[in-house]
């Protein structure tokens, strides 16, 4: 039963307790080392020259003068980066995104990079590089890009997912369809049909720590990379591939990460930093400025969505339709697999039990930075559209929006809009919890309104390795490969402590570099605690088997008579009743004489992290004179599985909600007619500050995941999905305007109020 | 596929996401003899070579609503509701 | 232009360094003195991750020149704990999980410390506005505010005990 992952209903000793995280002291004293906090002897400073044009052919790059500047040690353009991707389109796009090849595809696209002895010299060198551009027509809006007269960005891009294959290239690179039943029939059966279109502007993950790395390539072809990342193994494979290095010869060490949220699952400056180091034969430090982060890392998609929902008078939704147009920047899709609109199309009606549903995802290229994942990628935008429309249907029918959702909520046996039939799921429980929550009965003041919305996201497992080593004093070292984005080292230590039956303080977890473990997938898809937790359970069980064997040797009895209980080996049976139990420390102390170091190890691909549902309640106050909107009360209710460390689960729920609130009310990429990003800084790209938000209440519904020994489910992403619509619905209830464009910033709300007055 | 005497590999009904239909000759559900995802993939590619492209791009299996993204050796119980769809990434 | 020689006090220690005249205090602290507790989140004074105090006043070190530190007193996060004993704010940030990734934490601790030095009993609103110059993307600020509230309460109680002892 060593690898049995099924849920064990046991009395837990340490799991669920709110312990102090092991990296806490380092982080409150400034000792913790992030990407830019590391320095290598003799290191050079790298700076990037970036295109000031949204779309331009690079006619010529002259680096001669820059190369002659004293202190400049290497300059890289695409000429120094041969295409070694061997037909892998995703890798090739990544290479081109790191450094323009013949064409600049967005404002901020890197066209050259310099490594020099200091920042001043590098800055001077950038000024000496002469780039001749031939400006090409550009397009930055997703709907504009689909118009017949739009400039076609790639003449080799023919839409996939349509039959027959198109004869002309276009900016539409994929069409995906999901659903079941017959929506036309469903709409015909409906008493009420609401159709509406929505737009969501582009947002950035907004991690406070910019991308940073120190790259060092040696003359023998081996290399080292210190980097802030959500997946150091993924970065290793990608960098090695792009640079033509053997994967095992590149050692990647992850720093502490200052926020990622999906934006640090891809490489941005790292391959070029390595290339500069290789050319200069010295370590190279590359750090993005905040402006570069906005212009040239991976924001979320901007979108244009049509939704149509039909329902009977009794509240049964008879059909749901959505057409989603998402832009992915200048390159097709996510890394192999699903493009962004397709993912959105899958999640669109996931909360509902529909007999007839059809969703179409249209994925589009534009001259904007390459889109990367942002916490439940693609889901918040379509949830805004669907959940707003659901409220409109409820209003038309004269039914409470919450009750309409309860009536049509997905449950076990529902065919999900993305295909499979659901097993037991938690949407019903979260809606019931909303109904019973005191927030729903709190009094509202003038110009205040209350809204609610649901959200859904997948959670994933993925390749995971873990090592559990027992020192001779009985203390335990955990080496894991999943990056700790929010405190998972504490949770993983709790899991090891629970399995071994020892105090939490006896365990120390740390993230191993790529030389210490086999491949670990990136920390995304809410998989960190779930996957590494599972691997640690199995590693601990393996260690326990070895501990029993060692105890048997120490006692000179058969191992079958040894059990592990409460952190001790016990001899079972009347024959051995005189034998005193041995603690972990007792056995570990004898390890050198009983067979050597005691360890457990696990490589696995845990799956079945379960799907996650959430329902949010939001009260806003709208100032009708300025359009300014404030969130006055917010509650997050999420089906989160077993909370290993409840405080950190609450933290994930609150953090995701805050990001969703910023997305809903204020954040957007503003592009000029020249195709340039106008607000690449935290002043004008306004994320929520402390005074914008109230306390965020959380309710964790611990519905255990039957496929994990402790019932753990993925938890980190879902809470960003409901806020956009929760706020849209609250604004509608506060001042009577239905917002269809995020962010719902003061000018937009004022305009909507004026239109309402006029009509 | 190897069959020993008295050992019958169950037929499972596999449903597919719409984007796979062109590669499957328009079908959105097929009856296939397989006990694991790996076997299922082998049979599909042998019969419908265009499925290889989708497999290379990444494929996800849902068994009775539970999603398996990476474990190709998971056993598919007889009578399970099986759905194949493209691979998704989180953030 | 030649480098400027700067004589300053950092966390109580006398320090001398030379830097180009246009170099920010943030870069001087991080790159010349190895004090990497201050972080560059934006370089334009919008995020507060580089917060320090200059003669007791909370400033963004990215908006101060290294040269301006001459003859003045600087306090950074590295000086907040005394002889290995964490400041109550630091203890409570850990206790209340007021950090997830932790990159903004040094800046918040500096700002919160200055707040509590000026106002030992701040309301929730006063705390939120005092910290409005520090951006956090992970926590939604909820647990940060609670940690500051808990610290304020704790420190008031400690002060009461101290003044009672003095009287007796």
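Letters A, B and C mark the chains in the order given here, with residues in each chain numbered from 1 onward.
The rule is short, and it goes like this: a residue touches a chain if its C-beta (ideal position, glycine included) is under 8 Å from a C-beta of that chain, and two chains touch if they have at least 3 such contacts.
Only a predicted model underlies this, so the values are computations on that prediction, with no experimental measurement involved.
Taken together, the touching pairs link the chains end to end in a line with two free ends. Chain pair with the highest count of contacting C-beta pairs: A-C. Look at where the CA atoms of subunit B average out and do the same for subunit C: the two points lie 56 Å apart. Between the CA-based centres of subunit A and subunit B the separation comes to 27 Å, rounded to the whole angstrom.
Shown for subunit A are the residues that touch two or more other chains, namely 205, 261. Annotation for subunit B: no residues touch 2 or more other chains.
Residues of subunit C in contact with at least two other chains: none. Those residues of subunit B lying in contact with subunit A across their complex are 15, 17-19, 22, 56-58, 62, 64-71, 74, 81, 83, 85-91. The residues of subunit A lying in touch with subunit C in their complex are 18, 20-21, 23-34, 36-37, 120, 205-210, 256-261, 287, 289-290, 485-487, 647-648, 650-652, 654-655, 657-659, 681-683, 687-691, 693, 695-696. Against subunit A, in their complex, subunit C makes its touches with residues 20, 30, 35-44, 46-47, 49, 76-78, 80-81, 86, 90, 93-97, 99-106, 109, 125, 127-129, 131-146. Interface of subunit A with subunit B (complex): residues 161, 163, 176-179, 205, 261-263, 265, 334-338, 342-343, 346, 372-377, 412, 416, 418-423, 425, 457-463, 521, 524-527, 605-611, 707, 714, 717.
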